[in-house]
Amino acid sequence: MPIISVKMTHEDGGATKEQKEMLSKKLTQSFQEVFNRKTNNAVVIIEEVSTDNYAIGGETVSNIRKIKA
Amino acid sequence: MPIISVKMTHEDGGATKEQKEMLSKKLTQSFQEVFNRKTNNAVVIIEEVSTDNYAIGGETVSNIRKIKA
Amino acid sequence: MPIISVKMTHEDGGATKEQKEMLSKKLTQSFQEVFNRKTNNAVVIIEEVSTDNYAIGGETVSNIRKIKA
Amino acid sequence: MPIISVKMTHEDGGATKEQKEMLSKKLTQSFQEVFNRKTNNAVVIIEEVSTDNYAIGGETVSNIRKIKA
Amino acid sequence: MPIISVKMTHEDGGATKEQKEMLSKKLTQSFQEVFNRKTNNAVVIIEEVSTDNYAIGGETVSNIRKIKA
Amino acid sequence: MPIISVKMTHEDGGATKEQKEMLSKKLTQSFQEVFNRKTNNAVVIIEEVSTDNYAIGGETVSNIRKIKA
């Protein structure tokens, strides 16, 4: 019964309901395949973070996107 | 001085201000009763997560609610 | 079905098994009392952190304890 | 570039190096398949938590295992 | 390549884009100065939490602000 | 009063007590400089994670180090 939490940047209008369903399923299956433990209680929590609030190498992703554009 | 963080699904319009006050008090008291440590600096952080972003057993809570309904 | 996680300093030999059992029960009950939701799947995770790795006001708890002693 | 963190109970001597390698790969691939984003910087962090420090439904996993045994 | 996450109360309209840029830079530099490790992949995630959802000493920050006012 | 948490790989015998003291101070000061808020209650928590349990791009840091060596 793991807790799997995902933090990702919120981009292009955000992850769709379908993407979040697929991701939840796949992450849970991945765990199940590796550990062969019961996952009926496995929890997946997905958090989307504004690109203003997520920085890589000291630069917000908002700025990284601008530089690249 | 613990940090207690709560992640819960956002349901039925979300937790009310009063529920969050009560929860903060009770969690802090629980810690105090067990460890008898100072809790004047104890932190409680409550995060409500969309039922689309919270999955149990690989199924989002949004879908679990639908199946049950 | 909340996830409640507790981060606390590891002191005096650490929390005992009994304290961790009591804390888990009380935190879960607190949530149940406030929200009246099912808690049979509620998760409590307790993490004890070395006082060298936990700082308050920019000072590690190890040093705070020394100054007070 | 997501951060995927896994908290799981430490059981039967703990996850092996190989299991952790496989899990890291599979979780990263799952994300990649769903979002089609670059994952060369995706981070996976696996934390194993003592069964004394992990409770479900207010009962530590250590105790749950005993009751079942 | 550390992950640095900041949880802070959302106050006075929230942190500005500029403050979040500055904070990301400074936190990353701090890490770099102390450990002298590569930080081009260092991640900073900033989360602002409603003062209703953040409690200190069992009292929500919303209430603490009121009492002081 | 922020909570700043740092997750980093445990390498070369781990961060020293002095490094953790410095990091705690610098991170707290960084926050103070940007937001000009009281930081006497700011919390810094540093977690060092085994290179077997920390993966980048789907590869554990243990393996990344080997490939480079």
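We just call them A, B, C, D, E and F in the order they show up, numbering each chain from 1.
Note that a contact is a pair of C-beta atoms (placed from the backbone, for glycine too) under 8 Å apart; a residue touches a chain by one contact, two chains touch by 3 or more.
This structure is a prediction, so every number in the text was calculated from the model and none was measured.
Chains that touch both chain B and chain C: A, F. Chain centres here are means of the Cα atoms, and by that rule the chain farthest away from chain E is D. Two copies of one chain, chain A and chain B, form a contact in which under half of the residue numbers belong to both partners.
Centre-to-centre separation between chain B and chain F, using Cα means, comes to 26 Å. In terms of their C-alpha centroids, the spacing between chain B and chain D amounts to 21 Å. Multi-chain contact residues of chain C (touching two or more other chains) are listed as 1, 3, 7, 27, 29, 41, 43, 45, 56. If you draw each protein chain as a dot and join the dots that touch, the picture is not a line, a loop, a star, or fully joined; it has some other shape.
Pairwise, the chains that touch each other are A-B, A-C, A-D, A-E, B-C, B-E, B-F, C-D, C-F, D-E, D-F, E-F.
Within the complex, the chain D residues that touch chain E are 1, 3, 41, 43, 45.
The residues of chain D lying in touch with chain C in their complex are 7, 49, 52-60, 62-63.
Chain A makes touch with chain B in their complex at residues 17, 20-21, 24-25, 27-29, 39-48.
For chain D in complex with chain A, the residues that touch the partner chain are 1-9, 15, 19, 22-23, 26-27, 29-31, 33-35, 41, 56.
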